[in-house]
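Two complexes, one shared chain (subunit A), two partners (subunit B, subunit C).
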Partner chain A sequence: MNPFQLLQPETLEEALSLLNTDDPSVRPVAGGTALMLMMKSKVFTPHTLVSLQRLKPSLSGIRLDDAGDLHLGPLASLRDVERSPVVAEFTPVITQAMQTLSNVRVRNVATVGGHLAHGDPHMDLPPILMALDARVRISGQAGEREVALPEFLTGYYTTVLNPSELITDVVVPALPNGLSGTYLKYTALSADDWPMCGVAAFVRMQGGVVAEARVAVSAATERPVRLTGVESFLRGRRPAAEAFEEAAELAAAGVHPLADIRGSSGYKREIVKVCVRRALEQALAARTRNGGVAHE
Partner chain B sequence: MSKVLESGVPAGTEQGQVGRAVKRLESQAKVTGRAEYIHNLEVPGMLHAKVVRSTIAHARIRGIDTQEAKELPGVYDVITGEDILKVIPDPYYGPAFHDQPILALDKVRHVGEPVAVVLATDVHVADRATDLVEIDYEELEPLFHEVESAKSETTFVHDVIRPAGTFADLKTLQPRAKTNVSMEYHLRNGDLDAAFAKADRVFEHTFRSQQVSHLPLEPIVTLAQLTDTGNLLIHTASQSPSFVRIEVARLLGWPENKVRVRTAYLGGGFGAKLYIKLEALVAALALITQRPVRLSLTMEEQFYTITRHAATVTIRTGVTNDGRIVARDCKTWWNGGAYADIGPRVTQKSGFTAAGPYDIEAVSLDSYAVYTNLPPAGALRGFGIPQLVWAYESQADIIARELGIDPLEFRRKNILRNGRPHATGTVMEDVGTVEVLEELARKMRWDEPFDHGSGPIRRGRGLAIGIKAAVSPTTSVAFVNLYSDGSCGVYCGTVDMGQGSDTAMAQIAADVLGLEAESVRVIHPDTEVTPYDMATLGSRSTFHMGNAVRLAAEDAKRQMVALCAEQTGFAPEALAVQDGGVAAPDGSFFTYGDILARRFGMQAGNVLGVGSYFPYYKKPDATTGMSDHITPYWMVGGSGVEVEVDTETGKVRIVRLVTVGDCGKAINPGIVKRQLSGASFMQMGFTLFEEMVFDEGQVVNASMADYKIPGFWDLPEQNEVSIVEVPHRNGPFGAKGIGETGSLGLSPAVANAVYDAVGVRIYETPLTPERVLRALREQQGRVWGDA
Partner chain C sequence: MAELQTIRFRLNGRPVELAVQPYETLVEALRRGFQMYSVRESCGQGLCGCCTVNVDGRAVSGCLYLAVLVDGCDVQTVEGLGTLNQLSPVQEAFVECEGFQCGFCTPGMIMMATQLLQENPDPTDEEIKHYMSGNLCRCAAYPEIIAAVHRAAEKLRAQTAAGNTPATAIMAQR
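Right, the complex of A and B next:
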């Protein structure tokens, strides 16, 4: 790893002003787990890192607001999220997804903000948050904006963030009654590997038919995506095996996986199909179990 | 004589120290972070070295420009191969061939080959400067596959191949040119054509194993410094300090006594830290700069330093309809990468076991060590045997099923028994082939019905058995020192890299001397203090060093008894050693300290026992490859698994794992068990998903984020280990080695179980979900296209 300078601002304002520069080698760092991998392999060689660690007291809260929306502070560690009773109460799908994310050492330091800002399609939270209609609050010296996750994640390792902006909040709107779901993580190598395919699926039933379905796929795709076609296909249908089968075919046809060491594009498409179908089945079954995560 | 130790049987049922489940002597130091590792060593005035590595797989070097790197503030110096020549005029090293330059000279032969070194007091400055060294290459055609490279008549990785002649078993190697086959081994036993003519059926298959990484968690690290007299002191995480000393002294033209090599605990080795790795380079850098120099590899660099051989095995077997193997012809190509390292020994030592633990009328074996433009391959837990067992035990199942014979029955029919000659001509003695196979069958409950499941998840079970010969001839020497108060120190060159050798050696010495194992101190390898040992490799230490320690302890005991006899007037035969002293027939008891105090008139002196062990060996005949003493002992390992195969994803889950190994005598049953299951888990990674993936010679997954090894969630729900004890006449207390035994049979056991579950045969490791699903779909005629 090359040498670099570490700045440790005490306040958000200070951090934003340090980041407000034209120098492309200045970067914020939170947990550092993603950045360090890139810096060790010299994919990224910054001159200056602006550490957000000292902002932790004000930006790591996990809470429900008056409207019942869930707020995840960007400096909350993934371990904080995993252990938060507020999150578990809100939806156990997030809690359980955290438990199978890499290992406890990574979760102890990796942060929610870094997790999203990295734009890596192999992360476990984005498909869940996307299915839950989460928004990201972004702050810069010029002001604040809120962006829905599908617009936030623009592509392979890219987001809408400007280099001088920070994620300052993640907001998940209160869930409608009766929404049950699951996150299905498929790893091709070791069990604690990054997912080769991640599927978040939520369903709400009414009168024996699917009133609402939400399906998001990640890892096999260039970026996490909501499968709106699959969702509208399912709306109003009885949750029978054939319907899920067809939904899975539809999902597979709509994704364009990239080949890598974890699988060819063709294989990944097959896996998307299997995972979408199984995730829907599990989401439905989760109505009685109050959510869940499956690790394939 | 043989017996099976049930897992879960309470330990310590025996008297004495051998056979007792002594807790590891270093456990507390390790869990409290106090254990000594070379990785943590820093010395005043030390420079850090960072290596500039080739980005091309095969090229001539036109020039190296170090100017810009040298000018970077904080850089002490930049060293190239030309600078090395000034201190070491012939800078080629290696255990089998002197083929590896300390830094590349005329050519680079693999991506990641060291070309230059930057030195700085700040390791990050050194790292930064490595980007500034410009190397001008003239690219050559690279060769990557072992079979293609062996055939090549136009492109050669090495222009001349120079044998080293250091090790007795490799002395017959001859220099060669115009070939990429650095060494070949052939065995011809019996009339092959006649035997094949007797066969009712002949089966021929080709199996492949992939290149994998050892990945010790403590990366390879060396620190060298000059002493006050200008000698070299090398601190290194090495499995073979004695060899490092010999090789560095040879390179420098110095006597051995001017080079001191010491090590500490190793954070894993698995063969990655064998022979000579960074030591020659770091020693040269210390000589050039006259300052202490430290080089510690990153995880990424480990992938470019040493690996396990990929191998192609073509195996042709003739059988009778009633299931007797009558003829076997096996050809193996070992992908040795750019430098031979110990590949030639793998080629020979593994090569001659390629027919498996079976009694076969006629056998022909050909084994080729092949140079390619990939990172060098050397020894990795099992020394090439798992790649061979993968072939012959996968094929055993194919044949058995084709003949309609139960796979276990087929093995029973052909198993090589004691008293029968192995393919090499060596008559089997004290080998647990039958015992291991039967214990495996019992543990697997093979005669009971098995539920194969229905729906998308199918279940299957499989087993396999492998055999390995101990490397020979090798020497171990040990000292057992009884200090003036009677406490005991064991001086031996065996490196404890996590396998528990300190504890085992302490138990052996303690058993002989009537001491508690916990009270024995084991002194870590330091060539200035501990005597010669060939290396910690190939499951040889318990047998060889165990014998040396036993002999040294007996020597010390004899001397103590003689002193006591002199002091008491009793005959030595009348005296008994127990409880850290000597008991006389009249009921009097003298501690070792008492005896020394009486000898020297005060608390003073030592009794030093010396033990040296060198088993008999006869090198294979140059034409037939045969020998009636090919190895001092054999290791036999059996693996059985029950798997679940997800027919929709191809994912294989091992739900039950049974590992059986013959260790002769479990010096420490707890450690033996963990060695067996540890080797099995490691092999599980190689079987299911570990693979170095290359793009034009570059490793695309050279990090622990992308090269995944098994974690806790990958372990089977049921993990059972059985220790079989078939005592060896020459082993210390009957013991044989056990460090690799658990790795031998696992891969084919899994493939056999997958076949049992879903009826597809996989011929190449790893059995990734994609490979398994593709095979399933091919069978069903519906493979996917690109997405």
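Right, the complex of A and C next:
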């Protein structure tokens, strides 16, 4: 790795002031699992890193607020999320998605905030959080703002974060009663590889028809996307095989997969179709077992 | 330019200090400063588990962890579990079940199995495979490794039945 200096602020204010510089090589680091790989391969050669580790006690809480909204502290580790009874009670879809993400050591260190700020489209939480209408709270010298996930993730490894801003909270609104879901990921190489396609699907039934559907696709696309066209297509329909089949066709037609070592664009489009159909079936079936995750 | 930073931490229960570069990884520092040669960099990407080290009770990949960040922490390597003459129950189980061939991945396997058994004293085959999926054995001694984890679980249960706490049971009994 290239030589760099590491600053270890004790407070959020101190961290924000250290990041408030015109020097583009000054960057924050949380768990560092992704950044270390980028530094080792010299994709990223910082002169100064601002470690957020000492902020962990104040920014790693996982709790429900009075309105029933879930708050994930940005410095909570993915393992903290995986083992949190609060999260499991809120939705087992998040808990189970964490269990199939990389390995225990990475989850012990990688953080929720880093997972989002990295902007890597292969991450597992973003499509789930996006389907759950999560918002990211951001602090900077100029003050605070809150951004919904679709606006937060602006593209391939890019987010709406300014270099001098930090995530201070991730808020998932209380789920409507009866919403069941799944996160389905397809890995083209080894089982613990980054996914080639990830689909988060949630459904809420009323009177035998779909009252609400939420579908987000990640990994195959340059950033996670909510498939609002698919969602409105499903609304009011009976959850029959033909409807899910048609929804899956719509999903495949609406995404623009990137070709890479995990597959060509056309192949990924086909996988998106299969995964969306299966995810919808599983989301519906999950009504009886309160959510779940499938790994293909 | 970066300056050396002196870090103080507990290594296998003993207070130590070391001057490290801010960009030095934990595996580099433990080998350079303390001859902890059980901690091995193999893939360098957090995938293989050969550099598994415990920091404040949590297994981490030493190759992806900056050494400066263990300042003030409790660090444990396989050297802290037992010695050649007095192996820990997990180490004994790996020997008895021949849970290795070349042995390169073994320290990481033992660190990870030790943590697994602290969290789950009686894991199934599936739970062992899932928990240890981030530890690779290129000799493919996987069936023996799984048998060793089961054997270690039995030993630890016997220890706790005899009145040892789970935290002391995992250490070599002196």
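Following the convention adopted for this analysis, the second predicted complex is superposed on the first by the 296 of 296 C-alpha atoms of A that agree within 3 Å, B and C clash if a C-alpha of one lies under 4 Å from a C-alpha of the other, contacts with A are read in each partner's own complex, and residues count from 1 in each chain.
Criterion: contacts are C-beta pairs under 8 Å (C-beta built on N, C-alpha and C of every residue); 3 or more make two chains touch, one makes a residue touch a chain.
Owing to the predicted nature of the structure, the values given are computational and were not obtained by experimental measurement.
**Student:** Counting only touches as set out at the top, which of subunit B and subunit C does A:Leu37 meet: first, second, both, neither?
**Tutor:** The answer is both, since A:Leu37 touches subunit B and subunit C.
**Student:** Return first, second, both or neither, reflecting whether A:Arg79 touches subunit B, subunit C, both chains, or no partner chain.
**Tutor:** second
**Student:** Between subunit B and subunit C, whom does A:Ala191 touch in the aligned arrangement: first, second, both, or neither?
**Tutor:** both
**Student:** Once chain A of both complexes is superposed, is A:Val109 in touch with subunit B (first), subunit C (second), both, or neither?
**Tutor:** second
**Student:** Who does A:Ser17 touch here: subunit B (first), subunit C (second), both, or neither?
**Tutor:** So A:Ser17 meets neither subunit B nor subunit C here.
**Student:** In the overlaid three-chain picture, which partner chain does A:Gln53 touch, first (subunit B) or second (subunit C), both, or neither?
**Tutor:** second
**Student:** I'd like to know which partner A:Gln5 touches here: subunit B for first, subunit C for second, both or neither.
**Tutor:** Touch status of A:Gln5: second partner only.
**Student:** Now for A:Lys268: first (subunit B), second (subunit C), both, or neither, which partner does it touch?
**Tutor:** first
**Student:** Across the two complexes, what residues of subunit A are contacted by subunit B and by subunit C?
**Tutor:** 1-3, 37, 40, 103, 191-192
**Student:** Using the touch definition from the top, list the residues of subunit C that touch subunit A in their complex.
**Tutor:** 1-3, 5, 21-23, 25, 44-47, 49, 52, 58-61, 63-66, 68-69, 112, 115, 130-131, 133-135
**Student:** Help me check something: in the complex, which residues belonging to subunit A touch subunit C?
**Tutor:** Residues of subunit A touching subunit C: 1-6, 8, 32-33, 36-37, 39-40, 49, 51, 53, 79, 99, 102-106, 108-109, 191-192.
**Student:** Would you pull the subunit A residues touching subunit B in the complex into a rising list?
**Tutor:** 1-3, 37, 40-42, 100, 103, 186, 188-194, 255-257, 261, 263-271, 274, 295-296
**Student:** Which stretch or stretches of subunit B touch subunit A in the complex?
**Tutor:** 122, 124-125, 127-128, 131, 298, 300, 646, 648-649, 651, 685, 689-690, 693, 700-701, 703, 705-706, 708-711, 713-714, 768-770, 773-774, 784-787
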